[in-house]
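Order of writing sets the chain letters: A, B, C and D. Residues in each chain are counted from 1.
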């Protein structure tokens, strides 16, 4: 369970929650331009990348990231629907655990990312035996637009994502159709059908959104995030990242709200946000709700070695 | 579980469903003016009454009825909230199983019914040991207005019923407040919040009522009936009774939809409708869905003996 | 707007509602074996067919039907998604207005229907200039199973329909995924999460299905019908057709509940049911709610001329 | 709009959100034992109190607070239902703007608070002409239990609050009855009604709470908070205040989600939490989401002058 959002009230932001019943030692990580990802075909040049990673054997396994060009990307659980290795004939063979850095190190925009992905086969090669690949789909966004990338049995499906939101199962087309069911929810009082008929008055603000789902299933988090984004109106120009965290607060999972069949609880391990213009990274964790800020240029972007800041 | 409706699209109608996991041998019954109800204080004169009854030892135990003046009344389950014998000091002591004929034989309008009830104590005296009293509350309607009458621990509470709907628990004030939560549901397409924000189109009629509850709990049947009544628009002037049955079809309970803790199924035993102007009675049962019609004046209204027509 | 159901409590039934804001002169119609449908390639032999039709220039335009082998089929609105003429290379070229009799006159089972459809191109040829083709998808059922047939831009998509329900937009895969959201709705009381936590008691039967949508949009009618079918438990073996009408009553549209942008009201023009074993047809209309019965063998099934019974 | 919660996972906490379309200059404030509230009948002794206040002319107008005995209290909007001055015959005449310090300075427990309130008339005397009284109801909690106090036309109604949650309109009894409608929502996967019937699998965690309302109306925030509290399971013993903020995050109002008729937006001005055992105060504001902590004993509790810390 995870929720990602591309949010552009005035300048562009990107963010996500990671909802799991376990987690590794996540950190904030900047990967400089000359880091060697050990791609099969070594690219001539890489963009610097920053994001959330679990560092294993000196390799940053990225959950979400953005590059120095303002292109951002996140992987979200897609269990049961994700199928890899479906377009083996393509030029580039990229294991899914390298797919985020592959795209972000090479592409400067969503358009470039699309072109690149159309030449790429996502393989199921694993990082190590103890770390099987996650089943994922992806959202990729620049300052203008967002796309969804879904490796399925039908191949790698790239879809324009006009809503700029991604959660989990089922496939993205479902969520768009499902969102339409909630099209009449409103943030204003709207018409009271029972006033004329029965003389009844409304006694609370916020009633016109009755029907907005409050549970933590994937379709419901999608609808909630899309509703809040559609109605979001930051008070001031420079408050976008603050609003992004408020929106994501509404889909964060308190401990106890979701209990798995194995009796473990899913919680929002961390929430992070990216300022695509200013190249800033913000995050908070379940245990430490205060938001911390990091700059991309907090080290030498031309180096070879990632620099990491463990989550508080 | 039951739903009652006072419905006045052009002329006035009244109807109800009876939802139970068992039932007696119901019949349509006309009680002429000179029938002796054996009230403690014998009234000087009684209005003729017709309605749905279970006849036991020649006494019509009425579930719902109307009188020759166009006043209608129904009793609906109110288990856990109904308390009798709370105003023992009043003039008239009426067992709950005689409360419907008491009101309908004496009152010609809702106003007269209110006045009478304010002088009446509803007692818990039983018809017989095998027939304990049902725990009930009541809706009473004439051609103009409706009231709810609830015997509770706080006494006999009479409330104006501007919605003209009654179901079951909890008390009536809850249902009015609850209905307000659904005030924004609409029968028209309305505004699409996601078209402007995301370019999404709506793909089905009827979406603006998303949030209308479809289950069979008492609050949900209340909301559904009130929504349909508020939007009802009969095609022709003389089709009111047809529309009333269509509205009640929407809250009828198919067998299997509601299973009690004792593994019995609640179904809509019968649905009936009254034409308050023309003094007609219509009904159908769960097993025989065709609607039958009866006239009030199908016998001598000045007689002493009820005439009954068993349900098909 | 329409709802179709394949319902097999003990023996097999099929039924549908037709929800529209206008209608033609529908009738019950039996088409004998030697009627000439004027197919491009004349079949050697045809099964007799009965169903709901609008007769135009002596040709039965079928809305839903079954054949003498117990195979049933209905067309339902699929506006914006239906695309015809996508597989022009196939053997049989069948205009969409002849697609129902084409399948039912030739196939004796769902398996045979599938095989036939895989050789068929549904063309957009019209019956006449005044009668443009409806945009439709189809449900086909025999006594064992049901399939959905959707002519879309991706070709003619045939899908197993384990739910045995079809409504309208969007495509069928959406409805299956959407139904899963409601998987926890129950007809039994179930566990009360607030009793242990807060000591609260439940006060109404039927509460465990809270969340069941009560509106008339296509996804909501699908969920409601599937929920009622899954929990349906007829009292007696021979009551299946009675239950089918009770289930469909729950999705019938009272006049006023759905208002189109052109200010017209959508209502349930008719509801019909088929007994696949006994070859019986039942129907009621919006204006005449009493259910009428017709037999398939009410005329010479070897004749050439359809025999029709106008709807009451 | 506001939400208050009494939360006792192991030790006892109390917290609230304040949702408004405007706000004054709130601060954290400690009122020592010898501050003079200028009550009509001067009490012999006062408990020290800390809480959220707007300081006007050196008088702390409290929104929520707790005292040194671990008794906490909050006032929440109750517009249209709050009526003051209904029990003028009582011993103590306390203006509503002094009602919180009156109770907290005198009572050491909920039981003592009840006793005191039963001797108190809440008057409508205003602090000043520019500051008309808010229309409020109250929640009062100690380490064991909580009550709701509602000044209504029926007098000052004190109700046991087993849920330990308060929001706004309508009256508290409504919210308890309404909560029961959602009794079947679960944090576990639960039974899948459609697996047996149709072979469908569930594709997302968290689905069993479908029906949990996600909007910002008063009844919906009540249900959401009560559901999350009932299922809350902090990971560690000393994490209660962290969980309390997670629960309240779920009902905080992002800017834009609720637009009033005057086109102003309601947002969560601040969220605060009290540790009733350790006498700690935590808060965050809409603009500054980082949680700050204050101790009650950060000054001389025997002084006469409140000490205040303006909100960041």
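Just so we're on the same page, a contact is a pair of C-beta atoms (placed from the backbone, for glycine too) under 8 Å apart; a residue touches a chain by one contact, two chains touch by 3 or more.
As the structure is a computational prediction, the values presented were derived from the model and not from experiment.
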Partner chains shared by chain A and chain C (touch criterion as defined above): B, D
Repeat of the A-D interface, chosen from A-C, A-B or B-C (over half of contact pairs identical by residue number): B-C
Which of B-D and B-C has more C-beta contact pairs: B-C
Per Cα centroids, the chain farthest from chain B: A
Rounded Å distance, chain C centre to chain D centre (Cα mean): 53
Geometric centre distance via CA averages, chain C-chain B, whole Å: 34
Centroid spacing, where centroids are CA-atom means, of chain B and chain D in whole angstrom: 41
Overlap residues in chain C, where contacts from two or more other chains coincide: 170, 177, 181, 185, 187, 203, 207-208, 210-211, 217, 219-220, 227, 231
Residues on chain D engaged by chain B in the complex (per definition of touch): 170, 173-174, 177-178, 181, 217, 219-220
Residues of chain B touching chain C in the complex: 1, 80-81, 168-170, 185, 187-189, 203-220, 223-224, 227-228, 231-235, 239, 242-243, 245-247, 249-250, 252-261, 265-266, 286-287, 289-291
Chain A partner contacts - residues on chain B that touch it in the complex: 162-163, 176-177, 179-187, 190-203, 207-208, 210-211, 226-227, 229-231
